[in-house]
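I have a structure here, written as structure tokens, and I will follow up with some questions on it.
We just call them A, B and C in the order they show up, numbering each chain from 1.
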């Protein structure tokens, strides 16, 4: 069964098509780099896959079940543009909260583990409001990975990260990939993404321009993809 | 079912912890209600007998206006850092999110209302203890009406430019039947008339309003949150 | 084809209205107690019936939109509710004029006028919300939710204010001052209802066409701006 199955997805804002007949499949254990220009429809597509938005037409299935079902949402981890953490709660309180929302058996223990893995154990009781930007981002990553989701959906995860956060994220993504998890990440940072991606999907003006394995030409010269499949 | 309630509880606890830690909305709401109480003293002469005819009206106007500050904050607080997206993407059903927040709002509002009631009794020499249990029941029923509508519309207006304007504009007309019943009952109770007989119809109206709109809200919450 | 229906209905409406107005003003005699002003009911009552039905129909189309995601239903819902608001306003204004002539006051808090005012406020909120949302799909979804809450509340509003007024009787706006209406009068009322119904449909159809064009312009603009 495919980890992700997108069939005939269209999204209209009024009569304007943000996504048009988008369809592709993602096998379990692959890492997909979702590429495209600003306004191409990447974020719209990711939000639909994450269950934050409903497609006007078409279906999205994650491991065979619809995105809005509870069992499905348990399996996905989402990292969007914002850190999705509460400023007035502490690091550990935030993680325990999400642990509870995801019905983890021992939220506190899992929270402590992930604070360790992201190098935030020292500041577990600090309020997020007082964290530096890099610390906030690392905690956001911890939140996304906390419930060991099978499918990870990241919207421009490398944007505006500091070096330490990038290193942490890359390690975690690689570990997740080796653990057999499926990763879909949209990005502008072609180099970082293409290093770890196994597959690439290019979205152009709301349509899929390319969906397949990452090719060597893409890694050597990131612009190649746009020139060959896109509109330059 | 148990899981649903547990999730509601997690949301309620989070909202209360957040609010109690910052107390932003609580303080603003309380200050606002005290200001209105003072303003009323200029509009009406509290020493006349007729004043008691208006007591329920005053109180519920204070409750409704001060309550809007809390209700507005309910979903607005989730916008910071994109927390709302994380909540909607989580396995928590929209209905549980709604119920959890609504209960938190109810508790916050009732706390403010109780303090306002004490201030009101102090400033205007009103005896509220005669039928205290009934009064608290009416406050709870009326506040739940306010909370149910207010929480749904807080979610509905959360992403709009004119959120602070749209929330009261939409919520107050809808609440008129419930506020009317609450006002009538409160006036009766504060002037010494117990619940029963003639005014039971207003209790029934409040209960019906609460039940109907809680059901509608639970049904519509997913539509409101997921675009 | 639609144009033909539109023009056809407009003609029917114009003819009926002209004939009715002739009968109302020139054929019908003055009423015993009220004098000439009773004729205003030929507009006051049908306007209320059309407004209330319209709010319900608007809710129906809103539900249809939520189920089908087809923006056409949203366009119809908006048109129907707008026209209903106009008729509600007609009802309120004619009621006010009648009250001024008969009782000497511009406004009387009787059950029916008050209820209609509240309904007007609820659905005026619906329109205000629509103006506050730019994106058509979000606008349709959120205003549909408001329409549903509004329509459910309309029923509660009418019942509760009626109960309130039976307990605290106020003036009552009534045609039946000295008993039922004479058969000739009643028939003319229904003819006028038909005329106004045709007019209402014409207005809704015009409004639908406008919103269809607006949608097209909006999407063209988005298309143009995105590249």
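Throughout what follows, a contact is a pair of C-beta atoms (placed from the backbone, for glycine too) under 8 Å apart; a residue touches a chain by one contact, two chains touch by 3 or more.
Note that the structure is predicted; figures quoted are calculated from it, not measured.
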Contact-richer chain pair [A-B vs A-C]: A-B
Per-chain Cα centre nearest the global Cα centre, belonging to chain: B
Between subunit B and subunit C, centroid-to-centroid distance (C-alpha), Å: 31
Centre-of-Cα separation between subunit B and subunit A, whole angstrom: 38
Approximate Å spacing (C-alpha centroids) for the pair subunit A, subunit C: 49
Multi-chain contact sites of subunit C, meaning residues that touch two or more partners: 137
Where subunit B touches two or more other chains at once, by residue number: 227
Where subunit A touches two or more other chains at once, by residue number: none
Touching residues on subunit C, where the partner in the complex is subunit B: 66, 118, 121-122, 125, 128-129, 132-133, 137-138, 141-142, 144-146, 148-150, 152-153, 156-157, 160-161, 163-164, 167
In the complex with subunit B, residue positions of subunit A that touch it: 50-54, 68, 70-71, 73-74, 76, 78, 80-89, 93, 97-98, 100-103, 143
Residue ranges of subunit C in contact with subunit A within the complex: 69, 71, 135-137, 215-216, 218-219, 222-223, 226-227
Subunit A partner contacts - residues on subunit B that touch it in the complex: 3, 6-7, 10, 14, 17-18, 21-22, 80-83, 85-93, 222, 226-227
Parts of subunit B lying in touch with subunit C, wherever the complex brings them together: 149, 152, 156, 159-162, 166, 169-170, 172-174, 176-177, 180-181, 184, 198, 201, 205, 208-209, 212-213, 216, 220, 223-224, 227
